[in-house]
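Here it is, the structure, as structure tokens.
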Amino acid sequence: MPLATLRGVCQVEFQNNVWTALLFLLALLLGGWRFAVFALIGALVTTVTAWVLGVARDRLTIGLEGFNGTLIGVAVALFFEMGWVALMLVIAASVLGAVVTAALTVLLAPYDVPALTAPFCVVTSLMMIGGPAFARIWDARLPPAPATAEPTAALSYTDVWQGLLNGIGQVFFQDKWYAGLVFLIGLLVASRVAAIAAVAGSAIGIVVAVILGAPATDIGAGLYGYNSVLTAIALAGVFVALTPYGVLYAVLGAVASVFVTAGVAALFRPVGGPALTWPFVLVTWTFLAAVPMFSKIRRPS
Amino acid sequence: MPLATLRGVCQVEFQNNVWTALLFLLALLLGGWRFAVFALIGALVTTVTAWVLGVARDRLTIGLEGFNGTLIGVAVALFFEMGWVALMLVIAASVLGAVVTAALTVLLAPYDVPALTAPFCVVTSLMMIGGPAFARIWDARLPPAPATAEPTAALSYTDVWQGLLNGIGQVFFQDKWYAGLVFLIGLLVASRVAAIAAVAGSAIGIVVAVILGAPATDIGAGLYGYNSVLTAIALAGVFVALTPYGVLYAVLGAVASVFVTAGVAALFRPVGGPALTWPFVLVTWTFLAAVPMFSKIRRPS
Amino acid sequence: MPLATLRGVCQVEFQNNVWTALLFLLALLLGGWRFAVFALIGALVTTVTAWVLGVARDRLTIGLEGFNGTLIGVAVALFFEMGWVALMLVIAASVLGAVVTAALTVLLAPYDVPALTAPFCVVTSLMMIGGPAFARIWDARLPPAPATAEPTAALSYTDVWQGLLNGIGQVFFQDKWYAGLVFLIGLLVASRVAAIAAVAGSAIGIVVAVILGAPATDIGAGLYGYNSVLTAIALAGVFVALTPYGVLYAVLGAVASVFVTAGVAALFRPVGGPALTWPFVLVTWTFLAAVPMFSKIRRPS
């Protein structure tokens, strides 16, 4: 169970390697102890819930039942102040996350499409959109981080290289470039292809956002990168075979993620929810569901 | 056909018992004659539409084609003043409801998940969200009920016991405690398990809402209870086998319904639609779709 | 490839006839050269993308991979000023549209339901909702057309006959009655049934909107007609057998499209997206998915 929980931390980026998990935890610690602790609580609660309800052992041991709990934990640590309410929230949300994981796994099985981080997105969106109805939850919210700079169209060199690493860190809501660097090293330990895909995905996010004229502060914070990072890793070798056409497909997916990031953010704005990794989920589901129509693209054998 | 229509009234809560249907109608009469009359019109129109288009006879006779029409009728009677517009609306909405019922039944069949009250939710949400575009519909709207009390955080004993019964009555949009009591008696006539699940679901809704700090007036009106009532009945014995794990699963579902109620209400607020029984539908679909992954939970044999 | 692209223009209304395609292009030219040129670019890009990724040849040659690109092209020409940004947008959106087409085709295959114009709706909604995030895209937007008249409830004879033809033209975003007339002639060349269904659908849209009290200017512009036009063509002979019950079913679908048009428009208003042909897609998906439940309705042999 402890190993399954730990593997749940690195399965967020489709890896199954204990060293990677430890490096990811170190990166979370750089952001603050609460991120690391809540990530472990979330992964533990979803894994235990799945175990109690009788999920097949092989899914549990490789961390497939834990990674949505990991992200739920990090999100609670980001949006709420540490205390009983946050602890109650992470437990309730992670239990629910385990059921949503099972439901999506069944619903998507006929198409051979995985649930990805959708259970995390469903539960966290619910928490942020429904939260204001409950005084005890909403009073425990942290004030949103103050904007560190005026929105500006002029992109500095610092925006670019920090944005490149922040795009990797933002997968776990981290906005410090050195945290992103540790995540990247963690990926590298598990898979060179995944590490290259992560950097390429983050770079694609920045380039497309610059061409389209997104605000420089958003680009520097990695907000247009993290969904492209996840889409690139998922489509480059993990769920699609690593052929020349497969790489082209992954690049298309990473580009599409930038557009979808803007669309999802605008959709959620009237109800006050963050975009989370919905763009990655929607783009990767679409690109994976489409595979059977494309003879040049195939699943890994 | 008259019996099928009548059974459509009690199938709202998954029962197939004429006495229960008559008691449910009595409870609606306590709220006003228009609720009972429109419930019957709605059930009749969806059942006749399904019959004309050739739905299998066994679905018709047990009322499975009528219960969404029942709720559509009650909703029209609640939101619109009695007259030609309301009559036209309930007929048009119920005809459409019959087609939506068929479509969802087909779409969900591979997962062995029923349509539940989703057709009612789809059609009624459409009516309330699209309605303002049409002067003739919107002019016939009833003014929203005045708030009977200031929103307050202090929960009285009256809020609790009335909320318990109102949670059962709100399944049919009824907010008088004695109407809720008659619904409960109707359930008891058909199934002791369903009656216990209804009371437990309503109680869970109140307890969770109190812990989370929801407004006392909403709790007293049963607004945090009715989705938990339906989820509890559906998961306790109707669509999930009544084992110890099954009961735990139903409790989880009832708790989740409270969170989802707040989320759905917030999502619909910008477009002016009520939450209806969407939370029950979404939670129960999720929990039923997840069953094949959980070896400890099984469908009733 | 040129023929496949051309066929992509007329497949918007389910036709596979080169003369029809040429007449549709003529109708677009009446609205402005940019509509015709961008329609061809869109159809070409989606068709080429599908061909590069290896879609089956028989889908390509009859234009099934092109018609969503056609509509994407027309939408870009409508909402953005001609220039490099518009060209970049139509290419990016059409490439993405080809992947969405493949994904929806796979997802809907178990239910024998086609993707219809949903890929166009997905990609164009994304463009309009996410667009404001990107200065370079949003600066290239055309100012919305000024209202030609005050909204008024009094419907003139001109509103009615122009609305009838505009309902047909609005399928391609055209609001000139003579453009609608050329589209109608194009349909007539390919199929008398489709032409009759188009006129009947447009008429149903007007009648229902008038009865419900929609603004006369919207009715005259064909805004309540074009979804009914598409639904009527799709359900009358194309995807449902042309029997007496089938015709009744198509009429029901055309009526439902009017309600859903109002609902979708209201849903999209908070995020600033147009309704596009979402109402047609949602209604036709529902009515086609429902067919297996209805013994009186059947698919064409």
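All chains are identified by letter, namely A, B and C, in their written order; residue positions are counted from 1 within each chain.
The rule we apply is simple: contacts are C-beta pairs under 8 Å (C-beta built on N, C-alpha and C of every residue); 3 or more make two chains touch, one makes a residue touch a chain.
Quick caveat: nothing in here was measured; it's all calculated off a predicted structure.
*Asks:* Validating interface symmetry: for the copies chain B and chain C, is the fraction of residue numbers used by both over half? Same or different.
*Replies:* Interface between chain B and chain C is built from largely different residues.
*Asks:* Please compute the angle of the rotation superposing chain A on chain B (C-alpha atoms), rounded to a multiple of 5 degrees.
*Replies:* 120
*Asks:* Could you put a whole-Å number on the gap between the CA centroids of chain B and chain C?
*Replies:* Once rounded, the distance between the two centres reads 36 Å.
*Asks:* Quick check: what residues of chain C touch more than one other chain, meaning two or more?
*Replies:* If we look for residues of chain C contacting two or more partner chains, we find 110, 270.
*Asks:* Can you check the complex and tell me which residues of chain B touch chain C?
*Replies:* 52-56, 92, 95-96, 99-100, 102-107, 110, 125-127, 129-137, 139, 270-272
*Asks:* Quick one: in the complex, what on chain C touches chain B?
*Replies:* 110-111, 153, 209, 211-215, 245, 249, 252, 255-256, 259-267, 269-270, 285-287, 289-297
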